[in-house]
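Shared between the two complexes below is chain A, which pairs with chain B and chain C, respectively.
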Partner chain A sequence: MTEPQTAEIPKTESEAESTRELPPVVADQLDDEVAPFRPGVAGWLARGAVWALLAWVVFAIPGNVLSPFHLGVSDVGHASKAAIFAIIGLSLNVLIGYAGTISLGHQAFVGVGGFVSAYVVVDMGLEFWLAVPIAAAVGGLQAALLGAVSLRLTGLYFALVTLAYGVFAEETLFGITAFTGGEGGKNVPRPIGFGDDYSFYYLCLAFLAVVLWADWRLVRTKGGRALQALRENPRVASSYGIDVKAYTLMAFVVSGIFAGIGGALLAQQSTFLVPETFDFELALLFVLMTVVGGLRNRVGVVIGSVIFALLEEGTLVHLLHIDGFLDSTIGLPAEFFGLVVGPFLLLLTLTLYPGGIGQQIAPISHWLRGRKFDLHAGKVTEVEVADVRA
Partner chain B sequence: MITELGIAVINGVFIGCVYALVALGIVLIYRASGVFNFAQAEFGTTGLFAAYAGVVLWGWPYWLSFLFGLAVAMAMGLATERLVINPLRHASRVTLLVGTAGVALAAIGIQFWKSNEQPIRQMPKIVNGIAAEPFGTAVTYQHLVTLGVLIVVAAALAVFFRSPSGLALQAAQQEGTAAELVGISVRRVSMMTWGIAAVLGGLAGILSGPNLTFTAGYLTFGAGAALLPGFMAAVLGGMRSMPGAVAGAMAVGVIEQLGSLSIFGYYTGGGAMMLFFFLLIVLLVRPQGLFVRKAVAT
Partner chain C sequence: MSVLEVTDLNIQFGGVRALDHVSMRAGEWEIVGIIGPNGAGKTTLFNCITGFYRPSKGKIRYRGKSITRLPVHKRTALGIGRTFQNVGLVKNTTVAENLVTAQHLQTNYDPWAGMLGGPATFSEESRLSGRAAQLLELLQLSDVANARVADLPYGVLKRVEIATVLATDPDLLLLDEPGSGMGPEEAHALGDTLLELRKEFGLTIVMIDHHVPLVTGVSDYVYCLNFGEVLAEGKPDEVRNHPEVVRAYLGEEPAETTSEEYV
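Presenting the complex of A and B:
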């Protein structure tokens, strides 16, 4: 009996001492029980049916393919806007959710992206496919500049600087007529082949997919893990050798790049860009949709952004046919529904469901991924946003 | 040039009075709850809408509408404390910030909805007419009333903070647990602070409203935007000092006006640019504030 033990010990010790190869970290180790749950044939069929239904809603209905409804051009335009808002929501999620730093000037990043893209297409006469990378690069660059100067400040003071930057961009940068076209705005033609609203919607979806993929990869890199650590406790993180400022700056730059892409698409979607679009109210709306969607929950953020984008001009109210009801009972016109109801959703999210929409849909999304249906899945007790200094 | 500077300083000081009222509320709430209150300016706009409804829509006397506006602002402040701040008191400060921003946006949404038929409105002045014209710029009686109210409010706050309830308030803000032990109700103090701050916001709104036409979100991002300057003023005072906040508000008002000098004449938004760079420089060079000796913010 003693022999195998003595044979084992040196081996394990040498394994433990070797730092060349770390054992792979198994994700979701706690979630898998001793015998992991496997759905039966009927279970897989049911899940497959729901997936197919989701895919049908996202891909088929807006294109009027295999669908009993007929969506007009304006409805599809709203769908494109929803996809763009989802990109912007993911951009803010990187900052608020992953890095725990809040930006109240995100409308400036989106706006700069939009106007740069418009400038490249209209004034320089370049292709849209070149304008998007340029807008993304400018978005990243301005985030890098602002962050390099002001990330010495943390928490509330940084939020204040972004707020001031947003107002500065709105009134000063967007007031430069040569760049933005001034009060009259700017006409932005769509790229060749995506001129009509239906094909443009699929273009927006493709960009959303790219951003989702980049976001998913970001969380799994060294930088993503560093962000997770510094959000929980920046002091502990820095004592483990994580450069808190550098990684926060990285998150800010990534967020700026995503916002630049979103802005470029928004310019193409609206085809007519005026500086007044990008006011402080829009920045508040962006924060709102991200927090209501559920921080650090990609699906939740996307759903939250889509809901707020559709609420903005009352599209969702029209689609649900409750506009007449609202107008007759409390006299609320459909176009104000989002503005009035949205903030209350936010307050409810903060006080009752800190995980946002992501928390509410967790049972379904877990079930769709082949787990058991559990009503209490994905419970979050508090919106954990880092509280560094101030 | 001298005339231009004179105009900028005079306009800046009178705008600074409004900023000071907002900044005092921000400082009070920061000391009580440790939160950057983004709803502070909305207390003002809501009070302004209520006072407007009293004077213009319902034909009440001005003083009654004025008090009604202040009462509505105060009710909003108390409701914010009860429904948002108190349930979130253990949450992080950035969460609280998002919560107050939500309150502001809710108020703006309701204002947009309710003023849909006539989005742009004009509040009548307390006293019409122009008092003096130094450097050719008009100083209205409304401006002088605002300045007078600010002086009275500052004096009242100074007296109040030396009275027993004022001392209780300061004690609860500095060390909540210890204050509870000597019999101060932190809960009541928190309510009181939010009530006072909301009245200050209401004063800012109702007094500055008649200077221009107003819309929904007037004090937050509208024509009379005082939220960002108010925050800057509070930061200049180190977020805790009340005299510092008032001095900061005057400085911010003048600096913003300097942005509209004719040397920046070719660009719009000179004021916003001046404020952004000024805030950046102050926060980077003296993050503890300009008008305080030592850092007290923790």
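Presenting the complex of A and C:
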């Protein structure tokens, strides 16, 4: 190893006396010099129209006179399920996206939330409004326990622990007859006033709105910044004074709370809960929809979750009125549509769009937020391919 | 009372003694320089002081209080701030965002309150961004406030790092090669900036650097490490001309070159 520096440096005292200032750093991109883009009246009207259209689709989906879709009763139920899946996707996004860890046992988080809320409503005879916070609290607690393990194990080993926890919950926890009704499952009545699928959908939307708000504020405040720092570089994070362990645990608790809420709603939505629902396949679906949606991209995760929720049982195909087309051209039954589209979306994420759907729709979402339409808006993304493949 | 006092520090990695009976101290408002060839143990010493490594033997005291067993973030809370040799910043955010993140301990609300969106959190957030802008202004970095860290050149990042560590509100600043990636002119200016910062924030500074003129120019006291041992210590001029130091840097024969062309 050679060290070219010398120790013999002539230094004049006067040099040190005269205070020289560091030259200001000048940004070489002149992005800010150019007046920021402001859409004109027509531009705003166009954006407003698209916003209104989106709102119309979201709010009118359960089918009233104004609904863009002609839905069967069962499809309305699936709309609620889509909103619930969005909550679950956001829950998993906190872990995978923000904290940079993984959970292959998320179905257990959701399942515990569901059974706790069912227990609270059916066996304890309490109101639904109490069942949700209790399910959320229990969800947060179990997540904290699993999070404590994650402080000791990382990567593949921790993934295995979450997988094992999921299986344990499915086989053992949900087998406790007094708690879950065992094999036979459990009836869960809908909350009073939200008995029908239409009003229940709006209830789910309301909860999704709350979760979205919390997620947004999380990212923009102390906790979210701490999580980003510790995900990217735990050493730097701790040198900023961030308690890496405490904030990792916080991410687990937040994720568990969201999952608990999702589980409670899922129990009410299906009105009949059986342990087998919460198998490993569901955990994979949750991870898939979150990653395909786009880690750390709120809108992307919601869309991804909704797509995967609707792909199951072919609801999306019914909604888009392409079942006849699919059947006649390629002879693909609606139920199997998901098996084709799901892996395709995953491949897209793993190759071209590590930012998932969030990255794919970036040109549109940026435009909707009042920026110029730019096909390459999603080019710079925080999520790298390696991030997703890891 | 000295701000930092390291006594008889030992640490081993496998068979290698990275630090061997190292003792050093930094008094209030002092600038202490640490020089030494690559692999001398300078950064290892920093890692012990900040808590990334646990020394196998020895004591580290901060203002008389033993901190040898404290975790990193608690040392930061006490007022020990550091920069990293290869830039310690959150790369996927903007410069300004980094400075806000670094104000973690000055953020006066609970993370849960932040998540629920309590009204107080919004005003606190704007206070933090205001402070970040102030510090960036001070280090003449306002122009890159909204640039992504990953897009900026190394030399600029070294300066961003100084602004960021100031955001943690330190008392004792540990700078690991703040002048690397800078030319000699810039390094001199950096030295003056450090003197200014010491005055403005009342800092005690311990600094590692290969720019010997920078270190000797601003330091009140200099340690030279070699193979994990303190080779020489004393006033900058004494250390610079110490025969052992010259030998460690240049081999047996002291050469007539200046460092300027090598930086």
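Details
As a convention for this text, the second predicted complex is superposed on the first by the 319 of 390 C-alpha atoms of A that agree within 3 Å, B and C clash if a C-alpha of one lies under 4 Å from a C-alpha of the other, contacts with A are read in each partner's own complex, and residues count from 1 in each chain.
In the analysis below, a contact is a pair of C-beta atoms (placed from the backbone, for glycine too) under 8 Å apart; a residue touches a chain by one contact, two chains touch by 3 or more.
In this text the structure is predicted, and so the values were computed from the model without any measurement.
Of the two partner chains placed by superposition, only chain C is touched by A:220; chain B is not. Using the contact criterion defined above for the overlaid structures, shared-chain residue A:252 touches neither chain B nor chain C, since it reaches no partner. Look at A:239: by the touch rule set out above, it reaches chain C but stays clear of chain B. In the superposition on chain A, A:367 makes contact with neither chain B nor chain C.
By the touch criterion defined above, A:344 lies against chain B but remains apart from chain C after alignment on the C-alpha atoms of chain A.
Looking at the shared chain after the overlay, A:229 reaches chain C, while chain B stays out of its contact range. By the touch criterion defined above, A:119 lies against neither chain B nor chain C after alignment on the C-alpha atoms of chain A. Within chain A, the residues touched by chain B in the first complex and by chain C in the second are 382.
Of all residues in chain B, only 36, 83-84, 87-88, 90-95, 97-99, 101-106, 108-110, 112-113, 116, 217, 220-221, 225, 228, 231-232, 235, 267-273, 275-276, 279-280, 283-284, 287, 297 touch chain A in the complex they form.
Those residues of chain C lying in contact with chain A across their complex are 35, 37-39, 50-52, 71-73, 76-77, 81-82, 84, 88-93, 97, 100-102, 104-105, 107, 109-112, 114-117, 121, 125, 139-144, 146-148, 156, 159, 164-165, 168, 185-186, 188-193, 195-196, 210-213, 216-218, 240-241, 245-246, 249-250, 254-259, 262-263. Residues 1, 3-11, 15-16, 18-27, 29, 32, 213-214, 217-218, 220-226, 228-229, 232-233, 235-244, 247, 250, 254, 380, 382 of chain A are the ones touching chain C in the complex. Considering their complex, residues 96, 100, 102, 104, 149-150, 152-153, 155-157, 159-161, 163-165, 167-168, 170-173, 175-176, 279-281, 284-285, 287-288, 291, 332-333, 336, 339-344, 346-347, 350-351, 382-387, 390 of chain A touch chain B.
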